[in-house]
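Chains: A, B, C, D, E and F, in written order; residue numbering restarts at 1 for each.
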């Protein structure tokens, strides 16, 4: 089983930049993972990455040094455990509503006695250095999304759950939950103040915070303000922006 | 069966810009095809698009107005006919060596009496306006690659083959065939002179010429010099360039 | 994002005929969708359409004018949201037991403030006319199945849930729940009286009702009796009946 | 390895009715194969059955008593041998031009000394009764299509090739090759006379003849005229005809 | 629909040996299923068998006489019903916590009035002898895993649930739940005593017990001690042990 | 692009042991590749590894230190080039008949001026250390099978083809070609003498020879006799032997 350099980076106070993969094809996954990111997050919630595609996508990432993380479609133990069995070193659970949800997430990520993850190493048995439950428990990250009003209201309780390794903010859902429009990189509306509060509470609880960003500039700014983990844009977005730019240039003005 | 707007554009003297798809995933295919290109070329030769993925990729393109073209792995009738049966409106055959290869390509693209395409409409039976062999024969484009020394030497004979709708230049293979390094958008080495000759001969034979390009600027320049069909960059390249740029910006200099 | 002509037809008082797709293959999906139905319902509950196949099946339907609907395996928000992210314009949730289930369904189908659908347009971002949460909220249909005794008992409460767009009756499960045998198109047993009651209550609540039918004749009769949405037979059934008929004829009597 | 009841039926003078499968989905394959046909022919030439789908389609057929036959995309030894390794009990090779093509087909179907099939039992090793080259050589059928003018001209030479088990007529390609329109079940144009000649020559050479038919009535008639193997319609055709009929009935006239 | 020889064997007092399949490939499934096991259990919980692969894996098993069983990822009705619709003749539900979980499992396995399985025969409609709900209710096995402390504590209540056909012990999870290390075939630690108790209680309730084993020797011993159903090792384990042994021998000592 | 440690081992006079993968599933591929072999050969000729599965299988191998080799279905340039584009570091071409076949194989494996491989790095662009045609030409191995009588007759000419990196003997086909029965590890019949001759000629031409073996003991013996590359058994064989052994033991004698 591989070490989780994202986890050790965060523990060492370094920041982490992750790619965001929404297309479940192993060639694209390896292309993303070899681009220089610290991690690649596979988005099974809104991306087009099916259960069937997950294994080969995670293997494609394992051809590189990037750490594979998975956003599961929902905070269900079977989904969390499957992603980990197939080699993810961290799971992001969406639509968390309160500390009970986080406790369930942590329990699904950790073998007893820290949790209730069912035993079956699957892919993890193949890697270098062998596999043990205690080693897995130390490598795997449990990451809760903060994107609902309920989660914002229960922030202190959520951040107090033992075993939570990071929170990750979904800006579109958070904005909608607070009455704003969807969209990342917001400088207006309800999100900036919410981010301030999240950063302040995370610092107090010593839990790193992450954020989904669109522009590198905004991501840079968020790292400077205390975010420890950022994702920048996505595979599909690179393609669409790249294509639009190219078409504009080739067709002239 | 849909009309082929690429063919009618070329016949009407307009130029065509195509995307270049190398990842066989239907979400990415629809993302590319909806980006505004006139056509999307599915690269089964060097791309990671398997026979199995071709159908859903072509359907994804059919969700948009872009014309689906396929570069087959090799100039074999079974590959050419399969791409057409699944809905491609044109086939690019690589590694053409001379007029016999082009005749075989044209024969595979056209039903009798113009060719020897085996009858079986498959997907084409579903579309609007019904299907007929004569309509298919008028819609489908047979496109020969010019990328070997033999093809360059036989250029006049190739361009004289009845039913050839376009030639498409592969700059890396052409360069290597002429003793140069691989790579697109060359301004040095043996390729520029070869392109001049190809453009001149195509004009004389009234056969449109196309070129694989990397940068939009170069593609624009080639259109200005007489190329009628250009592809710009590729899905994977957009992703890798987008990621590299983003990482540079987010990590600062 | 495309408009939902099924929803506008129902609002305009017209009836809708849907195909029923149980095989997750994109060629068959396009064959069904181009056959002239107003909609094609993809049956992920009892059909052999896996999560992995859903994307390409929905794209195949989008090659035609038929409206793609999905019956999810279970009324779970992750399944509902995934079907919608991949382009379904309506979701049929099976085994509804009462108004709480319908509220959960509606919440999963609608972005805030009408619901709790998580934001991520995925395929919907590609279509003509752009995408907005409000437009999606107006296009997408939430459809609850009436097929359990509990649902029949709670019919008024179910039909009172704001945002419910249609109910759809599963005759086999409904019959079994009421002590009858499974099977569609029943003229005996407990189903006919239950259908009468459902039609009467739907009329009172101004919620359209739909029904799974086997024979066109029965479907026609049900439309005449007030059903607004019928499905007729299924892909596999067409094949098996077609084959049986052909074999009988070719082998003689 | 299973016995080939199609081969023994033909040797015993009985006729054979085969289904025609064009969709590469294992549920549909099992639906077809369990419908009562003597055989199911998987059409890899014009159907949407990819190399990747072939294994599971052949296994689905093996869940029933129907004999699995494969029409390969082209008469290439790798395609022929792969279909046989995966469990097909007969291969139909399209676009045969003369006796050399048939010799190549037979060689690919038979292990030495009768042919040049490469040894590797793959799926055939699993079945009841074990596997041996001689048993495989006796079970597997080599079937040449008669659908080009060249094949019609070389009919006697083709029928004289040792090891040829059957010829199969593709009526659309044959018609086009003879200057007629595509289409099955022709009663006019050049096909009926060609069929007469094929039947007469096959009888003389004691090689059974087969034909692709659309209507059961025509298939019945052809059996009565001496055809020994008929296919009737196809999966997609059953679906499209079933849907069209149902829609006509449900919408009224 | 096929008969369930595992169920009849257990009812007749015979013991059952099952293979354990963790790789979702239909060739490997047929290889396992034809090896002589009474049953093959497809492990969707810890194995790499996706929803998409399940159908073809079950069909591959149906090419043989082995009975197909499925361990679902989680005790959810949609997962249980899907496995059964696709042809599994028994479902093993993991992480059972008490009698309510078993009641839910049984309800998902049985049509009314014994349960709440939704009607839709899917693959089961194709098999010999037709399909009926009562026949399905008699064939299908509901199997609860005993592997949590809660399940062990509630053993009597679990074994008293009507319709439970077998319990199956997961030794790694059970050991961890009781404070021991993971691993099968334990002779030390907390598992042996727990197995004694399970065997004693199962005998009292006349419910057969099964166990996941690694070594054939241990499995033999467990059968002798009263286990009625054992699985021995797994596909991946055979490969890894086979490879390790071969490499040791070929490289010499 | 990775280095090819098999090639450097052979050049350095060391012997190589390769696994033989016949099931196209990425979990099994990683299980095999992590078992300690120097290389894993993916058998696309007789194995059930489709074009579609090849990419993810090669990536799975790249998660380990084993060198990925591919036996293509046939010696066709498109198949050879595709395997290399997807990351294979060597190609084994079956059914070689003479030096022209080997020249075609070498030409497909090498970029100009050494060969005619078409340029398109695909996966190779992602790896460490970048990609260049000259580096690829030095890493990639062209391996010709000796398994036909024609190849045996033309052995000197074959071994004289520049750029041939190894020959690999297929014992079953070779035996059949020489009038013997199929099967590996033969000690009788025509194969042993043929192996002697091949080893002697290979030594004279300084071309390493490889052999497909079943038992580790035989493989060890062959290495001792001068074979430089052996494969031992296969994934499916490990499973079937493992299962048979386990069943015998668990059921007692």
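Methods note: a residue touches a chain if its C-beta (ideal position, glycine included) is under 8 Å from a C-beta of that chain, and two chains touch if they have at least 3 such contacts.
Predicted model, so just to flag it, every value in this text is computed and none were measured.
S.K.: Which chain's mean C-alpha position is the greatest distance from subunit B's?
M.R.: Using the mean of the C-alpha atoms as each chain's centre, the farthest one from subunit B is E.
S.K.: Report which of B-C and E-F is connected by more C-beta pairs in contact.
M.R.: Between B-C and E-F, the larger count of C-beta pairs in contact belongs to E-F.
S.K.: Taking the mean of the CA coordinates per chain, how far is subunit A from subunit D in Å?
M.R.: Centres of subunit A and subunit D (C-alpha means) sit 52 Å apart.
S.K.: Compute the distance, rounded to whole Å, between the mean C-alpha positions of subunit B and subunit F.
M.R.: Here subunit B and subunit F have centroids separated by 34 Å.
S.K.: Please compute the C-alpha centroid of subunit A, do the same for subunit F, then give the distance between them in whole Å.
M.R.: Subunit A and subunit F have C-alpha centres separated by 40 Å.
S.K.: Of all residues in subunit F, which are in touch with two or more distinct other chains?
M.R.: 22, 26-27, 31, 48, 50-52, 55, 76, 122-123
S.K.: Draw the chains as dots and join the ones that touch; what shape do you get: line, ring, star, complete or other?
M.R.: Here the contact pattern is something else, fitting no line, ring, star or complete shape.
S.K.: Where do chains touch, given as pairs?
M.R.: A-B, A-C, A-E, A-F, B-C, B-D, B-F, C-D, C-E, D-E, D-F, E-F
S.K.: In their complex, what parts of subunit C are in touch with subunit A?
M.R.: Per the touch definition, subunit C meets subunit A at residues 50-52, 54-55, 76-78, 81-82, 85-86, 111-113, 116, 118-120, 122-123, 133.
S.K.: Touching residues of subunit D toward subunit C in the complex: what are they?
M.R.: 17, 19, 22-28, 31-32, 35-37, 48, 216-217, 219-220, 223, 230, 232-233, 235-252
S.K.: Mind listing the subunit B positions that touch subunit C in their complex?
M.R.: 26-27, 30-31, 34, 55-56, 59-60, 62-64, 122-123, 126-127
S.K.: Which part of subunit E faces subunit A closely enough to touch in the complex?
M.R.: Against subunit A, subunit E makes touches at 22, 43, 45-48, 50-53, 73-74, 76, 94-95, 147-148, 170, 172-173, 176-177, 179, 181-182.
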